[in-house]
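In what comes next, chain A is part of two complexes: it sits with chain B in the first one and with chain C in the second one.
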Partner chain A sequence: MERSFFAKNPSALWFLLGLSLFTIVVTILSEASGTALISTSFLKTLGKTLCLCLVAIAMDVVWGYCGILSLGHFAFFGIGGYAIGMWLMYARTAEIVVTSLENATLPPTPDEITNAIGGQIFGVVGSSDFPVIWAFSHSLTLQLLAVVLVPGLLALVFGWLAFRSRVTGVYLSILTQAMTLALSLYFFQNDTGLRGNNGLSGLQNIPGLEAQSQATVSLWLFWASAVALGAGYVLFAWIVSGKLGSVIRAIRDNEARVRFLGYHVEGYKLFVFTITAIVAGIAGALYYPQAGIINPAEIAPIASIYLAVWVAIGGRGRLYGAVIGAAVVSLMSSWFTGGGAPDINLGFYVINWTDWWLVLLGLTFVAVTLFFPKGIGGLFDLLQKRKGDAP
Partner chain B sequence: MRHVFLALIMLFGATLAASAQTLQPIIQSHVEEIASPSRNSVGVALDDLVASGLPQVTDFLEQWVEKNVWQSGDGTFFIAAETDNVLTLTDIDTGEQRTAPAEGFTQLKPNGGVRRVIGTALVQFQLSDPDLTRRETAVASIARRPEAAQMAPLLASIDGETDAALKTRKIQLANLLSARFAQTPTDRIAAIDSLATDTSVEVRAVLNQILSTSSGVALSEPDSNTAAIIDPFLEPDVSYATLVEAGLAPARQTAAEIKGALEANIVDGRIGGLPLVQMDNPDARVAAYGALAADGKVPELITESARDAALSSHLFFELYDEPNPDITQAAENALASVETRVAAAQTVDLTLDALSLASIFFLAAIGLAITFGVMGVINMAHGEFIMMGAYTGYVVQLFIPNYTVSILVALPLAFAVTFAAGVVMERLVIRRLYHRPLETLLATFGISIALQQIAKNVFGTQARPLTSPDWLAGAWIVNDVIQISFIRIAIFVMALIFLALIIYILKRTRLGLEVRAVTQNPGMASSMGINPNRINMMTFGLGSGIAGIAGVAIGLYAKVTSEMGSDYIVQSFMTVVVGGVGNVWGTLAGAAMIGFGQKGIEWLNPSNTLAAQTYMILFVILFIQFRPKGIVALKGRAAGD
Partner chain C sequence: MNTLLEVSGVSVSFDGFKAINNLSIQIGEPELHAVIGPNGAGKTTFMDILTGKTKPDEGRVIWGERSVSLLEMSESQIAQEGIGRKFQKPTVFEAQTVRENIAMALKNPRRPFDLLFKRRADDAEARVRAISDEIGLSDALDQTSGALSHGQKQWLEIGMLLAQDPRLLLVDEPAAGMSPAEREHTTDLLVRAAKTRAVVVVEHDMEFVRRLNCKVTVLHQGSVLAEGSLDHVTKNQDVVDVYLGR
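Right after this comes the complex of A and B.
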């Protein structure tokens, strides 16, 4: 008899249980429920962390399972953020503009409204015209489609080009990094219509939800992030288990052999690359409304490198490893750089963690790569082994 | 120096004065114009002063402009300097000095307009002044503000000019002036023709001035010197504005005016009979405005079709300000010829720029070509080695203030520092990760993050200067279009030296032989008695050391920051990959392609270097599709993988 999905993936069940429990606990402690043991800003941090976990498991699938070290998945994440940000910014500005024009002597014409919105949004880059890429920004549905389609299509085209010409290994990594650099440079330009290095801002104000307090909206976004993470985890667990997963892992271990066995390696790689890019885009679309602002620095090549760092520290080749890595490292990052960690006084020099955290992270990363290639997730193996040895 | 010189003139003047007349009587004959001059009246006095040909005139005029001429109670003029109400008077003719209290003397204070007239008169003296710098100053001042009056003195001074460079300059300037101000059209055309081979900005400015146009509109073509007939429908609104300006059509109402008119005519919640709520429709607004116009409350709306009708019934043209068509034709021809030359020069300039950029990429990438290309090791901290080299240069300059010496010290020191860092990194990290290239990439990322942050902690976030020695400060200027800074030339030369050096090391030394042997077959190499560990260490050190030197070179023309490495790392990898891994010539080809490509794209879209970088990266990504092994691909077994 075919074994059920959860029987094959016990970790998925545990993960969903844990995630639900976590969500319930956070909800009870949140400001919206009245207990207010978790501040809204920390709630947002937790919600953002869930989104980072989601993009991390996508990264884990493409790298840990399929062996493609993509240094571009955070760019897809950013594109998702920009796609939703365009709608948020447009709709929010439209509301403000319409309200402000309500008291005008003449009721405003559609042109006047559009021009006023354009002036509000693009004034910072010295323009008031809507660029072509904003053509769908008035529609939530179309922008939500863009969240999925733009990263997906970009990954599809890029992956098709790269895999077709058998670019593998470090070359592919460098190529994806080049793509990320090109994208971030593109976003940085004022005349590409995405407000240059100002980025998109005010994204925490969700149009249509003004009546709700930020505490409530943040909680809803937190729930959405949790649901997305749970669904993403199950999706990827399903992909990497079963026959498809075996082929993907075989490609990682010996691409040539899989090809000789008659599998269409490029197709599998393209599938994994694209689907993970889409999930990254969705994660970004959930992340940036909680962050409130997105700018091109977010998609600079270094961001994708950090993504690889999280997955490596958490333990690649296991989905929960990626979740642990992203959660631990990103929360520690904000703790250390936010001044939460106490300074260490060495007598001759005071180690200030806001300055030295990145040094610690970099060196930890080197150590993990050298000595613990399985990352934090590897600890679970040790535990299991000990359990297995006991009886 | 100048005073000695003035004294000499005066002495000379005094001896002359004994035989000829003195200046004071001439001045006295124009006492009115000189004591209280106006721009129109002073000319008479100046003409007489100049006509006298006296050597004292220059000095007198100069002092007059400087407001150093004083008139005593009896009307005599003196050159004087005032200190604490006491005047040191100098006799205009004899140079005799005495002091007197300032009471009873009036200072001459010619206004700006008069001073300019005097200045023009002075030019002819200054142009033939025995002192070279004063002649140069005079020529420069003419070039700054060319006027018709200066032409004759300039032409007159050319023959007597002794300095060859200044003479060329004077002839050039005389041509520029004649092109604009010569009396007869033939002279002007001759002068304009002589400008056709000159690419300087000055010449282009003069030609453009001759060709300056003003736009006009009329019902039929005028018989003056027409430059072009304009199609008004290319930019209908601009053309209509011309029409309005010429008083040939009423102004169009702007959207704001229409809106204002509508707002001003709201009666009982209706405008022109239409309810106010309908006014969110542009058509309804037009209808309401039409109704108001029909009532005579507002001027008739000029619709787009009315505008187009007005445009098509008029002729729009550009008129040359210069009435003589022969001259404008000559100027057009000359300008076309100049522009062809400028375009050619720009191509040369662009090529030089591209070469310089390529050499920077080459320098940044060549170390990587060794570690990545020859050893197959990805070193993401390569950019940070460049940064370390640059900071080494900065620190050396803190201790050695002489920039030439400090650069000479910094280059080997940067090599030593980054060589050591490379060796340490190879021993501690990379050695454990051979055959796991992806992990090498990650580990070196970690090192790169840590190094960058350490540099930030030590040196701060602001950019540090790495100053080049004075002899590298200027630029090599061929003409107004082609110029390239000496630093870029130095970087180019450095890139060439490195190329030669690396080829030499790899092809002609024992180390190079062993490196190539280990690259091709480590097992065989070690059984031939080569220690692959040592060779890998040396190779990695060499690659890193070169990155350090590149850092000093790059730091000389860009600012030194902790993030400078990351600016170069992706480009460097692209250079190596595009060129073809494992081959120094490939890196050279890759650097050339990326450098020229980027400059080429920049040339197409000059305002935007970011766009050039973006498109260049896209181009490289596509290029790799078609030549995955790069420009210079290794053939046969060595291509391996």
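Right after this comes the complex of A and C.
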């Protein structure tokens, strides 16, 4: 009686079809293909949006399915970005330094090269020594491992401590907020060795791909983001369907009862918390090369709260809801705050959307929570119901 | 009949109030055993202690052939040892179907990766069907359990208990809110279940206990007041005073 994965998860099939179609259309319209109907900067926005959708479905699994309102998942996203950013920055700077030293009268010693690279990267914080945490920055493989391992281990340790003590509900949310705040403050310090408030920059220049134009590189990153989103969607659809999904949703609805059924609830929460943190890290590692810069403000607590807002507006407890919420709200956000929306002149007052967007977003969030708890995704239920009612 | 569970000298107090006071009780296997008592006698706290929800201040709770102590175990470990509990208020997972509810309770490996990679018995579907037949819900397998009637939810929860295949079944007021026909069905289910395992029914409805026709323990103010057949304990002057004297 085993049905195939797509028979059990029709939304995954539709999602993959839609995502493929979207990718093809964007590719055709991109600058790299010659039509240039989509500018490279907008292509980057779309690619970044796909990464935000990926971290949003992770948030939906941990919150919408498992009932853990984590207000710290954007920290894992940022850590992923930092992990890849360290390699990007090191390797790119190394290339520049080596090229510029080629014309020197005396061939440079390895020490001189290292110092020159260090001076380039850490000059802004008044140093030229490599901090310990940059030990693996020369290796793409190791930094890619860090993208997965650092968020994963942090989530594992944090989750183990929190869930073991049976911290739940709003207390857990506060704890996760504290985690991301502490991390952000830590990254802000120059001593941490991540260039303090300057963050890591120039991440859009991918070492080894200098021969390619930004238009082409952006398209490749867009494709990578689309593939990651598709794979993440299928992974999570697989996890939340079947018996594991049944237990996860049961934990959300009545955790004590699940314990009396003999399930080790803490283990399940830890599993969900960690795997979603890892996916968030991967999403961040794809996002920041498209953004070009990452700094500690990115992992401030407000970012994780936005994440929860996207999922709430899109519709909790359904993966496509999270995708819709993240895509709609983040694109609208960049439209409103990027000066795309025309100001409204009321005569006595001018509504300037750069300032008023947050108010609009806040009001939308309150309205959705009060009147449409199922979010935008709930509209699909109405459609289905109407179809069912029709003769 | 072997002793399956031995509770001896257990006391627990909440903010100075002694909910359980030097309670000792033995449960055999198989056995049908009713625990009765007025409100506040400590019936629910007794169940909380057995299932690991409440840790007693003193006393011992010894389980099974290996005589392990249940007091050091977590709720889920105790459940895996074979103690199943049915709550007073039916607590099924209302957002999920009857089939999902039963499947979740089925005795199977219970770690996340076991579920993800489907390490489970091949006869899961057959077992779900057998249990749904027993509780009379085989036509409702794909229904959301939130849509069931109160009595059906009670049965579904009993079905989930049977699916766990526990050695000891703790049942808290199973007949509450049931029609006479439903009560009869419930009595049958419990009597049948008690043929192969230990079943402890907590109840304050004497009529229901009479139908079970089993050994009765009367609790009062956290300790055992009387023990024996229902006729025996109802003749006990202390019991008469506690139940009827006020």
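Note that in this section the second predicted complex is superposed on the first by the 391 of 391 C-alpha atoms of A that agree within 3 Å, B and C clash if a C-alpha of one lies under 4 Å from a C-alpha of the other, contacts with A are read in each partner's own complex, and residues count from 1 in each chain.
In the analysis below, a residue touches a chain if its C-beta (ideal position, glycine included) is under 8 Å from a C-beta of that chain, and two chains touch if they have at least 3 such contacts.
Just so we're clear, the structure is a prediction, and the values are computed from it rather than from any experiment.
Legend: residue contacts after superposition of the two complexes on their common chain; A:L161 is shown touching chain B, with no touch to chain C.
Once the two structures are superposed, chain B and chain C can be ranked by residues of chain A touched, with B on top. In the superposed model, A:L358 lies in contact with chain B only, and not with chain C. When the two complexes are overlaid on their common chain A, residue A:A308 makes contact with chain B while staying clear of chain C.
Of the two partner chains placed around the shared chain by superposition, chain B is the only one that A:P108 touches, whereas chain C remains out of contact.
By the document's definition of touching, of the two partners only chain C reaches A:H264; chain B does not. Of the two partner chains placed by superposition, only chain B is touched by A:A178; chain C is not.
Of the two partner chains placed by superposition, A:P342 touches none, neither chain B nor chain C.
Touching chain A in their complex are the following residues of chain B: 259, 262-263, 266, 276-277, 279-282, 285, 378, 429, 432-433, 437-439, 441-443, 445-454, 456-457, 566, 570, 573-574, 577, 608, 610-611, 613-614, 617-618, 620-622, 624-626, 628. Within the complex, the chain A residues that touch chain C are 1, 238-239, 242-244, 246-247, 249-250, 253-254, 256-257, 259-265, 267-268, 271. By the touch criterion given at the top, residues 69, 105-111, 158, 161-162, 164-167, 169-171, 173-175, 177-179, 181-182, 185-186, 188-189, 191, 301-302, 305, 308-309, 312, 355-356, 358-359, 361-366, 369-370, 373 of chain A touch chain B in their complex. On the side of chain C, the complex with chain A involves touching residues 51, 53, 74-77, 79-80, 84-85, 87, 91, 93-96, 100, 103-105, 110-112, 115-116, 118, 120, 125, 160, 164.
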